[in-house]
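What follows is a set of structures for review.
Look for subunit A in each of the two complexes below; its partner is subunit B in the first and subunit C in the second.
Up next, the complex of A and B:
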């Protein structure tokens, strides 16, 4: 069964691939670290990712998760966003 | 690629490249000779990853954590760029310490805002005073800043897409000034503000998770702009190769100056 988190993870993969121009990010597993691991996002791209999440899903990750623990992996970010998307409006 | 615009710029010392004569080998100390610049001077080392070859013996100077991070990267190109940045960081610092690159040990200071060990990377105590350093890499380029005081450097390659959303995380006065610019000038100005703000954060050791909105770095006039005092640092944009922007920040009240230590070799 496809969960809301799975759907959000797929959307986040598409955002990541668009921001970085790296199509291989369309296939990364949910447990993939976003910073310092396979994806190795730099801080500027990470900021663009968070701004796009806020624009598209209405979730301000930086404001709601001050330690940014949600950014550990694709899966933790998808879970965080899926639980909050749509709540703002 | 065009040569770095600043001049005169010395060629890379032969000992930085093990494949050239003069290097005593990755396990042996680098020849002595590099002296830390007196503040507010910062030494800037520029490299082009396309011109660098990292053989297995060269990569062996990295520690287990660096090797693990390199292996985790998805593409061979990203792995190469990471190895170039971290092997050359070790060689450069070894040149100031007359130490073997593989003997250097790195740690992280605590973030001065939250106390988490996510602050500035530092050399762990050795026999002599450790130089302060900052490593930045983006696209094909690597920038290493070395100084006698805490230093931060940032380097960003221009992006193909729109970066205007980033303005929303910058200082409100800077964001307002950026909003008055037309594209594509605004895109370049956004990246310019970003590298100056990042250089300040890397200098103070604050994690980027604490945000950039309290750092008013201003829009640069001309290619690099003037010195600004931000959060106890002096920050300034740098003349960077086409397609890139860079900045350096130095702790302390006096205006930061810099000297390029190696000419970009360009693609081999």
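Up next, the complex of A and C:
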């Protein structure tokens, strides 16, 4: 069964691949850390990612999550966004 | 008086604005440049202000405009989308805030569309733009050699970004492949004007930005503050320099480390030019700072940092380097003062990182200055 989190995770993979120009990010597992590792999210890509999430899903991760804990892994970010998307209208 | 937000980039329309006609209607002989606005491009460019293009035209129109105005545009968005979408893209490409853009267009519909969607953008007619060099928004208080070269540096940045898009590998591999070199050195007196300029201009990567509640950081960091730090025995004033095979960006960052409490060092100011964004500088500096503090037996490193929507890049770098926000009260419960700012401040988080356990890795293209009497931050590059 495909959950809302899975759907969001797929969309986030596409955003990441577009932002970085790296198609291999389309296939990363949900448990992949965003800082360091294969993704190695830096401050610029992270900013662009969060802006795109706000534009597309209406979720302002930076405002709601002071420590940016949601960015631990692709899965935690998908869960955070899936739980809030659409609520802001 | 709260001064106007300084304009960092002017986004120009092409047809009947920078050109004396409509590009696509001119056939084989595309229109010439508007001589008055071409002079404005050069005047503002000499003050370190960037220029970009947003036009409902094919990309060839941007090339023609660059050729006839003699100007290297830092970014160009050509297409048939909304200009209110083009402007944030340009700001993103340049790593600057949308509220530091000005927009010039002869078409009142385009001006209204941008003004309505992006009220923070200064929207001008071509006639107003011709007067702009006399306005305070276009008169930066400090113009250094770095600022005058800014247009060229952004052109290099555009070439670098194009190379990165076609590179395919990881960011770290790309940074290494283009010979990225980050040098960290103790500040000298000659660096002070540039450090003061960074304090004014940096916003997205400035831990003290906005502490004056809407005022620019210049209100927070007095001009002679940096000079006083040079003689302080328990404070380090450091500079960060960046270059690669595309060009030399010079002094792109600075930080102030207070070592008064040997157990927990405090980075009381950390600032990096937005030009250096995406080039590993923030990550390198934070990794080096944690390693240096650990090598001197400090147990923790603290970074008091304004919390707002604009310095998200800095917060991302802190999170990526393992820092956690310990408190949001000004000063924090541990009694840390925020030396770069007054006590009555908006939300400030004290980001803290314990220095036991694994530290962030330091890339081998980060070079602490051998002339600087700083302890080794870890394994030295060969």
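The working rule: the second predicted complex is superposed on the first by the 89 of 89 C-alpha atoms of A that agree within 3 Å, B and C clash if a C-alpha of one lies under 4 Å from a C-alpha of the other, contacts with A are read in each partner's own complex, and residues count from 1 in each chain.
FYI, a residue touches a chain if its C-beta (ideal position, glycine included) is under 8 Å from a C-beta of that chain, and two chains touch if they have at least 3 such contacts.
Note that this is a predicted model, so its numbers are computed, not measured.
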item	value
First, second, both or neither for A:83, with subunit B first and subunit C second	neither
Partner chain(s) touched by A:19 [first = subunit B, second = subunit C, both, neither]	first
First, second, both or neither for A:41, with subunit B first and subunit C second	second
Contacts of A:7 with subunit B and subunit C, given as first, second, both or neither	neither
First, second, both or neither for A:67, with subunit B first and subunit C second	both
Shared contact residues on subunit A - subunit B and subunit C	21-22, 36, 38, 40, 42-44, 47-48, 51, 62, 66-68
Partner subunit A, residues of subunit C touching it in the complex	92, 95, 164-172, 204-205, 277-278, 280, 282-283, 307, 309, 312-317, 319-320, 324-325, 328, 349
Residues of subunit A defined as touching subunit B within the complex	18-19, 21-22, 24-25, 28, 33, 36-40, 42-44, 47-48, 51-52, 55, 62, 66-68
Residues of subunit A defined as touching subunit C within the complex	20-22, 35-36, 38, 40-48, 50-51, 60, 62-63, 66-68, 71
Residues on subunit B engaged by subunit A in the complex (per definition of touch)	69, 72-75, 78, 82, 114, 116, 138, 156, 159-161, 163, 165-166, 168-169, 191, 194, 198, 208-209, 211
